[in-house]
């Protein structure tokens, strides 16, 4: 397909894109037309349907994949597509990962790395619990496709997996370096710390907060998901269940960040540190990636409360 | 029974008290003895077992109910019991409410008032849910006996019930006065808002934080209790379940107070206001009750961040 | 009269509206004209005087009531009035409540409910004080017409009355439910808690902060108003005057919200809770009213620090 | 008189001291006696009346001036007086400034410096207002004797005068250096900024918060005092009254410090800066004076949130 | 020269201005042109080069001084210059102080006042240190030309000098009024408190944060500048050096304002008070100057967290 | 030597201990004696010199190492030494690490691990800089012996080395896992991040804050130490020096924690995360070590703002 960032004035396109936005409008002389924004993973583009009632324009909605036939023009210095025909594409005609930002790492390889951790958990109850999720195919499929955020860091396909692996890796390092930590509990908590995001944020293409997300948030959802499964594992020690859930609810580290309890266990503290570390360094990575070749000061960044720039060496 | 606040020097006692504290000690000349604190709802009293190995001294532990035989003496201006014999009392020989602070209101009457609200819920799912708890005898027994706190406000037998009724009453007033509020959702949320305290704080006599309380807190516990029961009610609307749980998790009103979400629904906001109102006015009531006849300034109060005093009229 | 929300392209109007805005401008070819915004309680409308020096255009200012003769046209999709003639209207020709948002409740009925409270105050000094204000006709007239805010909650005609009654009603409920509270002091304080707004915010049509409001604020103004009147009531106990004034100055509850003292009396605390409750629930009511049929998430709300939505049941 | 800091074991005293504390007690063998603390400006001393019912012991209360006859002994390394006789002293027999900390500066000279400022105010209304207070003898007497605090800075006789003069001097400097400031308004506001302390804190010997102080605070009291007087000055411009009162209420600078408004005028800002400057430097002066010859680190100081020490040069 | 604020439609200009902004653009019909903003100390003006490739248009960059030949026209109500020719001006052809805001006070006189303080320092080490800077010609030149800020207060030529003098004057007043302060240390610290700004902010015309400024800030830079010089002064007491540096690093008063230590010495506290006082009063002075004749409320000011207005008298 | 924790009543000692405390006192009957506290790494012990003027008692001061001859007795249930003779020990007679808490890890091995990092720095300037310190014998000796704190975490001999290595190890992990980070800069910054503690805290035995520490703090001291050395390295790039210093000053992460700048470079952010991680996990390790076998809740911990307990598995 012709990616949006490669288009030039004068190109003719007939490819499938995601319809990100659509709104009916009227020209100054009263003629109706449609404003569209079409999207693929390389960017977005304004488009116009000047004859929305034409028979060549199929019915379609925002977030549908649509085959677009049209000409690329330039208006006030920006590219624009004049659309002649639109056809709603069927599932299978397109690959969603062409239309959304996606992890720069190999998703299957990352999942295999996750599975190595899962398979090394020695505590029989934690082992059963983690396998019951990560060996489940439908869970694997959803976990691989999910983002870890609407925007901010890891807001792309595979983002939840990449962030989870980053946190698990850090926790594994901590468990090696600091004997105070129980490896099995810490790795298990890290694997599940953001599992609630599967229900907090809807799948692509919308990738937006759900009612569950708005009303409960991924911390509470995660505890519910784990609690339900734990009840199915015979003999799961009550105290261990409490400690695992505590790590989940305390992983934001501060009440002000939405954790209803501060860390009260060493593993809860360590998980919070790992989550914070991976999130912050990924955020700065995305910030610098977005800056491209710009070696200069990037302006005040609200998240870091500082003007940021790339290092000179 | 002879209540502690009525004892005088020279009295002989042979009554059942709660053993609040026990510690072995040694006199200056090396003789072992035991320091005790015994308690009933009117106060506490120091006691000594000068001959702990005597056959008259049964085995017993802290928080046991013990029948105490001894003489009331005076030491350095304070009363003290010299214990001759101790017998561990059996269940049924004593009434726990004689040994702990207890609500000044009639517990059965309060529960009946709660049931009027339960029976007036019109939404079939919320009605089933509330009845499944409040019509259950073992739940009723526990709910009536529980406190709402280790210390602070409502830290007495019947305290959870009294506070819950206070909040439900306020919510009922709000629902009458402000049409924006849905009565059924608000009353149900108020009935359950502190239900997690049944597991956060252990029953009397210990009335202390449990592992569940320390690691999860009553907000998360409450959501788990409701979630488990809701799954058993066929057809319970998913969105209604979310909204009810949201009211529970948001009822502290601020992230800094342990709510993982701020109120996002009118009923969640109203519940937070009612909880805060009943808690604050009860706290000042207990403060002024404790002050007795003192009409003067009571000194800086950390909770209210102010020096407080009773009003002159 | 023809309300603004009912106008259509092609209508001819000859009605009285409020002039909300007026500014002289020049067309591209150098001709002077006037931009106006006219207002009634249903909305606002752009208007143009293309010939401002015409003899048909009377002299008038911003916030004058003006009779407008003109034609409704459409420009860039929005309605606009081309004004032919303007006449400044005299008092009596219009009813201000047609031009501003107004309480949805019956103002006279609300005032009668206030008077029931006033007449039930038993303390002779507080009774004299409240009657000296609320039985005064000119006070009644101003109190009925005032808003309780420039914007935010209760920012409409009758808003001060409606909010005061809401707070008094809550305080009456508290006085019944919590014996620690002195009813007379609490009701009196509630009646006067925002009386300073009569001078903090100017009357409609401007409904804006005055110099008094900017420099002192309604809390200090309220204390001055009460202090002046109390000096005229022989034998008014000094301590009671202090306690009443304290309730007024502490009713915002926190120094950060402009109260120079935190509540130090039970009634001051209760008044703060009532004020906060009525204000918050009214704010959410106005938010949801403004959302109309929108059952969806309304976006992040700065005041509630949350995304809000209406409840599903 | 024999000052307390000069007493030694074996001295016999027969001098007038202030009774700071008195409490009845009982010896181990049941004999009643009285514990006293007596005070003069150099310190405090424990004292015992071993025979409180003796005819030599007059009736007296805490904060009375008492003539004490007794012997200085040593108990557990500290001095103590065994009192034989006590006589309540009459007014005129003692000079209160012998019994309380007192300004190290000449009080009369400071008042004369204040009067120079008063006499230089050019605005006729502000001039009338300041003279109506500072030329009044009874006001002068109270103003000279008052402290500016119960403890913290300037908590001594003449403290209110010394602090007021310090602030006025700074404001005078500001008015010279920064033309944006109106001298008359600023000097007047500085003269009156803490006038409310005359009623917030009771006179020596008690020097403690009054009901007025607890319930209203010196900011509100100050505004009331000025408002009452302004009403007596014919033609006092309303706007000038507002501006003066604003300076008073905003002089703490932050809502969190009890100002119901932040400074909105240049003079209000300047007054806040002057008040803060004089208070902070005086506090550090008192801290270093109390440290005597100690050139070392004095330990963490809560007010300055720092470990403090004297400078080496 | 013809200052920008004096230009009218129809004027022809041929004067030197600073080029503040330049960007290439294209007309609707594809013709390239340049957008410029030119600046002098009286304001800024839009300008267009319609024929950027003309031989009359010299090469030049942003922040160059350029001689502009063109005609003043009016576009959409605003003035604009159509530029015919541009010539880059050489150093000496223009006076930078014509192009930037400049202190309203006499810079040479202010420096002389600084020198009086320098010459009165009695401590031999502090005297050597201050003279080594302020008697140095190249330092003097830079110090006189520098601003004290990019924007906010004293953001003009001579601003660093004016602010430093303001702070030194205040410190001199403090040293007279409060004996706890050591004059030599305080005056020296005041003279150098913002010396780091010479490297934190680049010189005019850019007057912007440097890498040093972004990465270290003027507090750290100032300590480095002093430390380097102190090492060259034989026998400079180590403790005195520490105390001077402490005053520099603590002069913002709060960790939250970028001081790594809170004031621990009386002089550090006094310097913080002086810095804060001069900065705040200057800020309000600039605010009111910018308001011109406007005697009305100026709207909410974020720095002062208040709506501000000029005083009525 | 006989360690303090192994002593029993009746033992006779003649060993070298550290004198932690000494104070002259007087018995009830007026005889002078000395109170001492003696210390080794296993604990502290009260001691008395009943005859301080005896010829057997050498001159010595607090923090001297003293050979103590005496008998262990028991007083009120606690051990105590009655000292007969004291001799001040000479350097070489004792090993300081017997008298203070010391890292549980091998100090020489840790230093070798540090040196591996030092030797792997590729950037020539950073390599020269790190080697100039870590290859210096006197620096090595001091660095190995220093603590990283007066109390809190790593407050023992070797603590600065252990903490530095912990942080460097984490940074090394980050540099492997996150390509956005420059390894050389990050490792160098980690090696030096707390180098200022060498002057902020005095060496054992006192291990207390110095004047440098109180007035400047280890962040500023560290920057000075690095700056001085960098000036000696020819050609050290100015920008690299800034970036390294920035990492040092920003490593506390927040202004409120004493960093005068928030992290503006990825490496500064990473260093802050590593420092925080090692400090927090070490703190919890020390907390749990101090708790010994206690598996129960340890009570509210101010640093973690939570009640803490060891994990059950």
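Each chain carries a letter (A, B, C, D, E and F) given by its place in the written order, and its residues are counted from 1.
The rule we apply is simple: a residue touches a chain if its C-beta (ideal position, glycine included) is under 8 Å from a C-beta of that chain, and two chains touch if they have at least 3 such contacts.
Predicted, not measured: the structure shown is a model, and the values here were computed from it.
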{"item": "Between chain A and chain D, the fewest steps along chains that touch one another", "value": "2"}
{"item": "Chain pair equivalent in interface to A-B, over half of contacts matched, among C-E, E-F or D-E", "value": "E-F"}
{"item": "Chain A-chain F separation of Cα centroids, rounded to whole Å", "value": "44"}
{"item": "Rounded Å distance, chain C centre to chain F centre (Cα mean)", "value": "64"}
{"item": "Chain B and chain F, separation of their C-alpha mean positions in angstrom", "value": "46"}
{"item": "Multi-chain contact sites of chain F, meaning residues that touch two or more partners", "value": "214, 239, 243, 261, 264-265, 307, 309"}
{"item": "For the chain C and chain D complex, residues of the former touching the latter", "value": "211-212, 214-217, 219-220, 223-224, 227, 239, 242-243, 245-246, 249, 255-261, 264-265"}
{"item": "Chain A-touching residues of chain F, taken from the complex the two chains share", "value": "123, 166, 169-170, 173-174, 177-182, 184-185, 237, 239-240, 243, 261-267, 269-270, 273, 276-277, 280-282, 284-285, 288, 304-313"}
{"item": "Chain A residues within the chain E interface of the complex", "value": "76-77, 297, 307, 309"}
{"item": "Residues on chain E engaged by chain A in the complex (per definition of touch)", "value": "26, 28, 209, 214"}
